[in-house]
Amino acid sequence: MSHKDYNLFMSTGRIEALVDGIFAIAMTILVLTLAVPDVTGPLSNYAVQNALYGIFPSFYTLVMSFLLLALFWTLQHRIFHRIKQVDTVMLWINLIWLLFIVLVPFFASLTGKYPQFAISHVLSNLNMFGIALFLYLCWHYASKRDFIHEKVDDNEVTSIRVDIIIFLIITLSALVLSFIIPDWSSLVYVLIFPLEFISHRLWFSGK
Amino acid sequence: MSHKDYNLFMSTGRIEALVDGIFAIAMTILVLTLAVPDVTGPLSNYAVQNALYGIFPSFYTLVMSFLLLALFWTLQHRIFHRIKQVDTVMLWINLIWLLFIVLVPFFASLTGKYPQFAISHVLSNLNMFGIALFLYLCWHYASKRDFIHEKVDDNEVTSIRVDIIIFLIITLSALVLSFIIPDWSSLVYVLIFPLEFISHRLWFSGK
Amino acid sequence: MSHKDYNLFMSTGRIEALVDGIFAIAMTILVLTLAVPDVTGPLSNYAVQNALYGIFPSFYTLVMSFLLLALFWTLQHRIFHRIKQVDTVMLWINLIWLLFIVLVPFFASLTGKYPQFAISHVLSNLNMFGIALFLYLCWHYASKRDFIHEKVDDNEVTSIRVDIIIFLIITLSALVLSFIIPDWSSLVYVLIFPLEFISHRLWFSGK
Amino acid sequence: MSHKDYNLFMSTGRIEALVDGIFAIAMTILVLTLAVPDVTGPLSNYAVQNALYGIFPSFYTLVMSFLLLALFWTLQHRIFHRIKQVDTVMLWINLIWLLFIVLVPFFASLTGKYPQFAISHVLSNLNMFGIALFLYLCWHYASKRDFIHEKVDDNEVTSIRVDIIIFLIITLSALVLSFIIPDWSSLVYVLIFPLEFISHRLWFSGK
């Protein structure tokens, strides 16, 4: 880094450390939302088993939220692996992105408490859209400002852009669906895993 | 690092790791303070929407606290990006600064519970003043003890000092206002974002 | 790293940071599950002492869970110390491994609440088996894909494999025992410490 | 690092990351133990002020625990700054040390709930003694096994040993005092700060 660069730009290490810390906490405290169920009536192995069936929807939400957070983390990781430096704008794009991330558990419990109403799903999907949008802004700004490492080939730059756009389209679909079929709108997110996988394969076979 | 320096000074990595960890946790647990509201009366989409309006002040406090913590983090980041080593005094300035940081959520809930009384705002703003003061001490001590990296130009040293002084003045104003108009005193913090932005612009255009 | 490697592989730093963060949180929040007991009847030094005897089983579970998490961490540390890079598959093996890790506190409280029923122990031991299995997959994939550092000798590669297989066998035994003698099945885990120690000794003396 | 060293020893980075993570969490969740007090009777500025006086002892405990944790962290930092590598024994000395660290909040609330009984103070001080003892073992083992960096002079090695022995003596005194004057035994810890400071001064003036 030249003298001038040193004063204008910062290395990526600290923002990565903050991101890793926030994801580690968000992914771990998800489990705190999963309470061991109380058994009503006489205790037996069968009764405990039934009580556990009762918390299965929460367990499913927990696993899905964990996997989605893990996916967001890998996307951010893929971006920052290819960036050599950040400036103040880049820092704040990431900090606001983290605000959407820490809100994920709140919207997860809102949807868990009032799953039958559109409002829960609309707000929750709006938050997801915010995550996708700021990830897009992050990569877009990095490409525009020439923050991307020289070693990264153009193919990879486009591949990441495509993956984020897939994610944007999925969150937008979920947002639209949450007005029509609120209860099922979040199922769209399941598509994200095979779609990202297929996009990845196409990219490599097309090489 | 020479032998003598090795025994007297330490690199900045670990204090940065502790700072990043504490901020990651403080920023994530803010959301734990935001409970999904209970709906009184018959459940409907409209009722849930109304209940959510009810927690809007808490939501606003959450977003503001998150952005303020993010701002403090970027200020500490800007300082430590330019520091080559720390000694015991520097370590303790930062550790006591972290004590004020971890108290932010406590004072946020005190102000949230008793917003109508001066005492909540006075104590909360006193804590903010502590944050600004120890940030100032940190940069002042670093300049005095020659811990600043050679690559950093004097312009940047002054720019950081000015940004911290702006922050000091804002917290002092909030402290004074909390005796006169307690309920509105914390609104002063909103000024911090445009002021830091303008200061930054002036600095670069003045170059 | 060559240009091509740079685009396909990532360094291990960030996944290690996420792992360290998640373990730090899981190991610290274990203590939050240990509540200071309430004394029933008249207060006295003796009464408090008796109340503390009452929470001894929870304290024992806490210490065991902490030591087991510490052991899993050292195993992951031993693996990643010897790996030079990761790809997407390796990332996801570790992310799913972390899902089993964050579930440890949930299954610990399930077993604490309903220790007399097989179902608690079966599920808890199934989770432990998942941890052992994904650790095995991680090391197996790393060896197969040639991610292991050149400096690591074959002896060490086999030693780590043996240690993970010991861990796999112990979790499988606990799983089988949880159908026969549920209450005592988790005692099997105590064996893990001397067994890993003996395996370590044999390996070094055999050198 | 030679090939043989690479297989036997590990660098200190990851254990430092785990330590920093656990301290960051322990220091932040201390604040979660400080609840905003409820005001009984009519609300007024004066009533809130009085209620805040009521939680002053908890606030004092919080600040003291934070500063003690910060001190333990700096001691561990001083040790690891001077160590070039760790082996399995060193890892486990530190992991068991972390077990005592995560127990600090539990014993803090035990002492807070039953301050009038010897048992609370005896157990709490026993835990503190464990922290001091494992810190001593850590430095002792590092010196014996030649893990200390060549750049560290003997003066510094002894200085760290003296600081840990001061800490050991203080925890032992507190342990003895907790049988005689339980309520006041923990006040001994206040001595740690001036004593460490004086020891530091003597050492540097004696140079």
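Every chain is named by a letter (A, B, C and D) in the order it is written, and numbering of its residues begins at 1.
Keep in mind that, in the parts below, contacts are C-beta pairs under 8 Å (C-beta built on N, C-alpha and C of every residue); 3 or more make two chains touch, one makes a residue touch a chain.
Note that the coordinates shown come from a computational prediction; the quantities given were computed from them, not determined experimentally.
Of all residue numbers seen at the subunit A-subunit B contact, under half occur in both copies; the interface is built from largely non-matching residues. Copies subunit A and subunit C of the same sequence differ in orientation by 90 degrees, per CA superposition (steps of 5). Seen from the Cα centre of subunit C, the chain whose own Cα centre is farthest off is B.
If you average the Cα atoms of subunit A and of subunit B, the two centres end up 26 Å apart.
The distance from the centre of subunit B to the centre of subunit C, with each centre set as the mean of the Cα atoms, comes to 37 Å. Looking at subunit C, residues 17, 20-21, 24-25, 29 sit in touch with two or more other chains. By the touch criterion given at the top, residues 16-17, 20-21, 23-25, 27-32, 34, 36, 39, 43-45, 48-49, 52, 63, 66-67, 70, 73-74, 77-78, 80-81, 149, 151-153, 155-156, 200 of subunit B touch subunit A in their complex. Across the complex, subunit B meets subunit D through its residues 1, 3, 6-7, 10-11, 14, 17-18, 20-22, 24-26, 29, 88, 91-92, 95, 98-99, 102-103, 105-106, 109-110, 113-114, 116-120, 123.
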